[in-house]
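Per-chain numbering from 1; labels A, B, C and D assigned in written order.
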Amino acid sequence: MVRIGILTGGGDCPGLNAVIRAVVKAAARRGWETLGFEGGFEGMLDPLSYRSLTANDLDGLLFRGGTILGTSNRGRFAAKTGHSEVRRVPDEILSEAKQNFETLGLRCLIVVGGDGSLTIAQQMYEYGVPVVGVPKTIDNDLQATLQTFGFDTAVACAVDALDRLHTTAASHNRVFVLETMGRYAGWIALYAGIAGGADVILIPELPFNYESIVAKIHQREAEGKHFTLVITAEGALQQGGTYTTLAPASSDREAHLGGIAARVAAEIEQRTAKETRSVVLGHLQRGGMPTPVDRQLCTRFGVSAVELVAEGKYGHMVALHPPEIKPVPILDAIGKLRTVPPDGEMVRTARALGICFGNEITM
Amino acid sequence: MVRIGILTGGGDCPGLNAVIRAVVKAAARRGWETLGFEGGFEGMLDPLSYRSLTANDLDGLLFRGGTILGTSNRGRFAAKTGHSEVRRVPDEILSEAKQNFETLGLRCLIVVGGDGSLTIAQQMYEYGVPVVGVPKTIDNDLQATLQTFGFDTAVACAVDALDRLHTTAASHNRVFVLETMGRYAGWIALYAGIAGGADVILIPELPFNYESIVAKIHQREAEGKHFTLVITAEGALQQGGTYTTLAPASSDREAHLGGIAARVAAEIEQRTAKETRSVVLGHLQRGGMPTPVDRQLCTRFGVSAVELVAEGKYGHMVALHPPEIKPVPILDAIGKLRTVPPDGEMVRTARALGICFGNEITM
Amino acid sequence: MVRIGILTGGGDCPGLNAVIRAVVKAAARRGWETLGFEGGFEGMLDPLSYRSLTANDLDGLLFRGGTILGTSNRGRFAAKTGHSEVRRVPDEILSEAKQNFETLGLRCLIVVGGDGSLTIAQQMYEYGVPVVGVPKTIDNDLQATLQTFGFDTAVACAVDALDRLHTTAASHNRVFVLETMGRYAGWIALYAGIAGGADVILIPELPFNYESIVAKIHQREAEGKHFTLVITAEGALQQGGTYTTLAPASSDREAHLGGIAARVAAEIEQRTAKETRSVVLGHLQRGGMPTPVDRQLCTRFGVSAVELVAEGKYGHMVALHPPEIKPVPILDAIGKLRTVPPDGEMVRTARALGICFGNEITM
Amino acid sequence: MVRIGILTGGGDCPGLNAVIRAVVKAAARRGWETLGFEGGFEGMLDPLSYRSLTANDLDGLLFRGGTILGTSNRGRFAAKTGHSEVRRVPDEILSEAKQNFETLGLRCLIVVGGDGSLTIAQQMYEYGVPVVGVPKTIDNDLQATLQTFGFDTAVACAVDALDRLHTTAASHNRVFVLETMGRYAGWIALYAGIAGGADVILIPELPFNYESIVAKIHQREAEGKHFTLVITAEGALQQGGTYTTLAPASSDREAHLGGIAARVAAEIEQRTAKETRSVVLGHLQRGGMPTPVDRQLCTRFGVSAVELVAEGKYGHMVALHPPEIKPVPILDAIGKLRTVPPDGEMVRTARALGICFGNEITM
């Protein structure tokens, strides 16, 4: 009997379970068994941590957030962090994983993960382990695929928050600053800002200055709108007119959550004397039931990944090229950010509505 | 001052208001005034029914379902019905509308509507009225655009229904048949079926027979699953082995709602002796708050439509070609259905999961 | 080790699983084992169908709809149907169930069910089986408790539907008739109608005539409101001025779903010449994730039921007497409907807002 | 024509608009006009800020969060802050408000507000202004009414957050600390904690120590549950074993948001070496669409308030005494907190499930 392995790596993301479900179901229809490694790549090392996944394990997985296999950002696989230098997984780790892979009699390993996990997957592939990738990044910032799962759920979470803040802001004549995920790419803030009616959108791709934000707030006051909604990606930051992306030395992304929103809110309150409050969505974006969009994307990704295994198309990952799912070499996908084009249609749309990116004065 | 007109035609759809909002906002930023005709095309005829739309009219429009301008499937503009012969709008009607258009000093008319309304728009364009189109079809069955607004909201509504029926079906060991929209194309049933974990999907594009459905139900029983979820598009129907699409002589689409689900459920109950219940979503799919996906799509469509006006690109409509919004000639868009490819990736994905399309035996 | 049994009987209802979870958790904290009988009372008869419930079975139960134990309206326990004559469970059935109960070494049986299931529970109690009841009726029509679980979820489902229909009704100048559950009591329609802004509410407790509804629709037209939302309980029906409740001879409640809405809609359309559409919520109200209100009520009910067992207070069921949960004798609870008081505060509130109960003219 | 006034005071709360709608509708049915003062009590002072509310202003108000009248915590009415000494509104302010009230020919003023606003209302009443109160406190901590509107919506928001955090916590083997509102009373944290499956609940009424929380986390680890959900009211705080409520000198409640969650999370992480994250719901709880429960409660409150005006029952406020709405003297309601009874049924329910209140060791 053919056996395949699957693991989920990196940060949690809505839809991981739906990918697992699709893989196990599609594999079972071919008569294959699926082993799930637990705790990310770590589960492949001694002492092995895995379990056989059967139909009974799939109950409710389509709509349950998280991953039943667990995941981790840490461990013996020293993945690259952020977009700094790529670090190599030590050979003895690759060797141990490969040996376990072979001992278990696996045909292929399906790696569901972001840029970091896919980088490890590529190294395993080069080391001789047949791998197939499923891309995962809640920020939607992977160049090789137009959309990744979890993104739509995160956007929905942020839009729901904007809807909530809208009424309280209007009732109290306040400014609200909502912080979303988006370390290097501002897709969540941009999409949610447009869909949720934000007045100001701050993203890493577009440097901002406070004068511009203040001018927007004053303009709204002049139009009789005494409240303003600001949405900011966690990676948008400007100090003293100089734009800087967040480049945390630490691998712990969450430690920085909330810093931007509080700083932006304080600065706005000081400059406008308007009551300004901040809300940080943080992990609320990662959890919960995936949206229908994410559920179907996950399902298609999972099924396509099993097809790639069947075709022996190793070293590839599945990717969305609307309206199709297509394979792309993992090597072509890693390390290449898909950021918001500053002059793209989405930004132009936002500007055409009068949405401020915080740089209108200087541009 | 430049003045443009806008109207919404055909059946109601989540996101119409979001399109109106985007058009008015984007027009206002250019210093243009927007007139909204009420009750669809009918509002352009004597006695004129329109109003000037200003920022004050836009409050809350981004997330409110329906259309503040009203809409209609009926009236003096004798649009073609369904996909039968195209009927011409009488010249005296076109003439009256054109004269009113000119008397109001409008530069362009933005028509937000489906195949029927866009057909009228094209005839007006050929008659000398500058028009720009925004495509609307909840069924997502227009060939010229990969996605139309309202579709994602309808899918979300259907998935929510499947989630609800899932637990009650499992608790009572029942079969449930859920009927969604989709007269000629089964996109809603297909997407929702995949995202909501349906076991059987019936769509107009794939003829079905009851033997196949019954076999699927028995197979599930054998696997210890004593319940089954069937999702069917309103246009899926097969009698005596012969597949027929619904081709209502009447223009009143809704009169047929519910017929399919009840018939399919009765047939299944008779053949399997399992308790089988049906639910018809009907107008629940049309109403309510648009999803974030639809809100951003509507906003982009509305802004792009105003850009087409600015460029004088009349006779065109906006369309989604991911990741961009692009103009396409209305003439190229009307009368061309985008149906589910029977061998496409989505159907293959569903089959790979074991989802039954009701034709497994005969194929 | 103390062992208790639990079963869920009658129609499905959101929150059953949350009750099971609370019972198993509270029992386990006392060091007790819980056996769950499957398929309602039927699981207590030969061949026995039950399983031991442990912490591992509880994962996700708090928010999953349905019942993992299954339930049934049918079987060898010939429960009374509706509110007709109470039929006795045959002695040989009671005897068999009691013997199995004793063989399993159970201390008490917790019965989660509606009027029918509680009637059986009372007969078992009188036959010598220690029972404790947890009341369940989605219609909220049990006199002994101010609220039952599932009701809040059903109301939320109906309000969501009204919200959706509101915008489509307004866009098309239509009348919509929404049918909810409520066979003998109109609580769901009344609560949802008030919370969802219905214009007309039809409930079994208040006879209605079409003249009154038509007058309301005309009055709204005169005020410039060209649409009307009607919400009707499935049990509201009046013909020719004579009020009749639905008294189905059959035990199959669902067979009648949709009859009222379609008839009321047809009658309104004929009398007003306004486009009138109907939507039947049906089983959508029964399924899905319970609301927070229902989840906490279920949890409190489950914990209290275990307390009653600990106190040996058999023959009692838990009941909500705000803000407390209190025990009441099952005998005092069964067969006593809690219907909407025609002159109560809720109806007066609705009337004060101008909501029509369809009897304004004749009263 | 009879004229009444209405204003909303204090912090924003879901359902304020639904109260306004009910008051205006019920008043209009009596032939009365309703004037809405803007910006809280401040709108009654020179320069007057008010507007006549008609049916046209009510569109969508039932489900829109916030208050169209605006509200404020600040201004010339020097209300008492928190539960410190009651400060008197200066006589010249009361006099000015009364004079404006009389000049406008108002029969009564309906004040929708919390403890602070009702205290002002009582002083106005004693000064000779006929007032009727509608209680508002998102914390649900007013003794005179079993429930206030906004509370159910806030609980639902917190439960949704717990549902989201549940899956991400389980996937990453983390501890999460969720902070909700609840300055002096822990109702939101308690209800949401029970309905959302929290493992630890921290409320102002029950002092806690970290040893107890750590013990609970370790106990869960021993049971194979490697994650823990903590929900804490903003007012729960203990330092060095000594329990202290937050007693902010400042009137600005929101300034303290987030302090507790971060401190509790840091302490837990340090003591357990488990990754611990915090999320602060903050204003998300205040905004957004009210739940059906809140919508019906608001509607009943609004209608009842108009009835009190009709009966001349001034100096009273409406209150929920299930299943009825009843009037109570405002004087009996203000300054009396309804806190969670430490030995009440809700806390006992939570304990019976194994939920830890952070004081199990020391008690």
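Assume contacts are C-beta pairs under 8 Å (C-beta built on N, C-alpha and C of every residue); 3 or more make two chains touch, one makes a residue touch a chain.
Remember, it's a predicted structure, so these values are computed and weren't measured experimentally.
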item: Reference subunit D; chain at largest CA-centroid distance; value: B
item: Selected pair, greater C-beta contact count between C-D and B-D; value: C-D
item: Distance from subunit D to subunit A - Cα centre to Cα centre, in angstrom; value: 35
item: Whole-Å gap between the CA centroids of subunit B and subunit D; value: 42
item: Inter-centroid spacing, subunit D versus subunit C (mean Cα positions, whole Å); value: 30
item: Shared-contact residues (touching 2 or more other chains) in subunit D; value: 64, 163
item: Residues on subunit B engaged by subunit A in the complex (per definition of touch); value: 22, 25-26, 29, 55, 62-63, 146, 152, 155-156, 159, 163, 191-192, 194-197, 223, 291-293, 295-296, 299-300, 303-304, 306-307, 322-325, 345-346, 348-349, 352-354
item: Residues of subunit D defined as touching subunit B within the complex; value: 60, 64
item: Contacting residues of subunit B [partner subunit C, same complex]; value: 12, 16, 64-67, 70-72, 157, 160-161, 163-173, 176, 254, 258, 277, 279-280, 282-284, 286-289
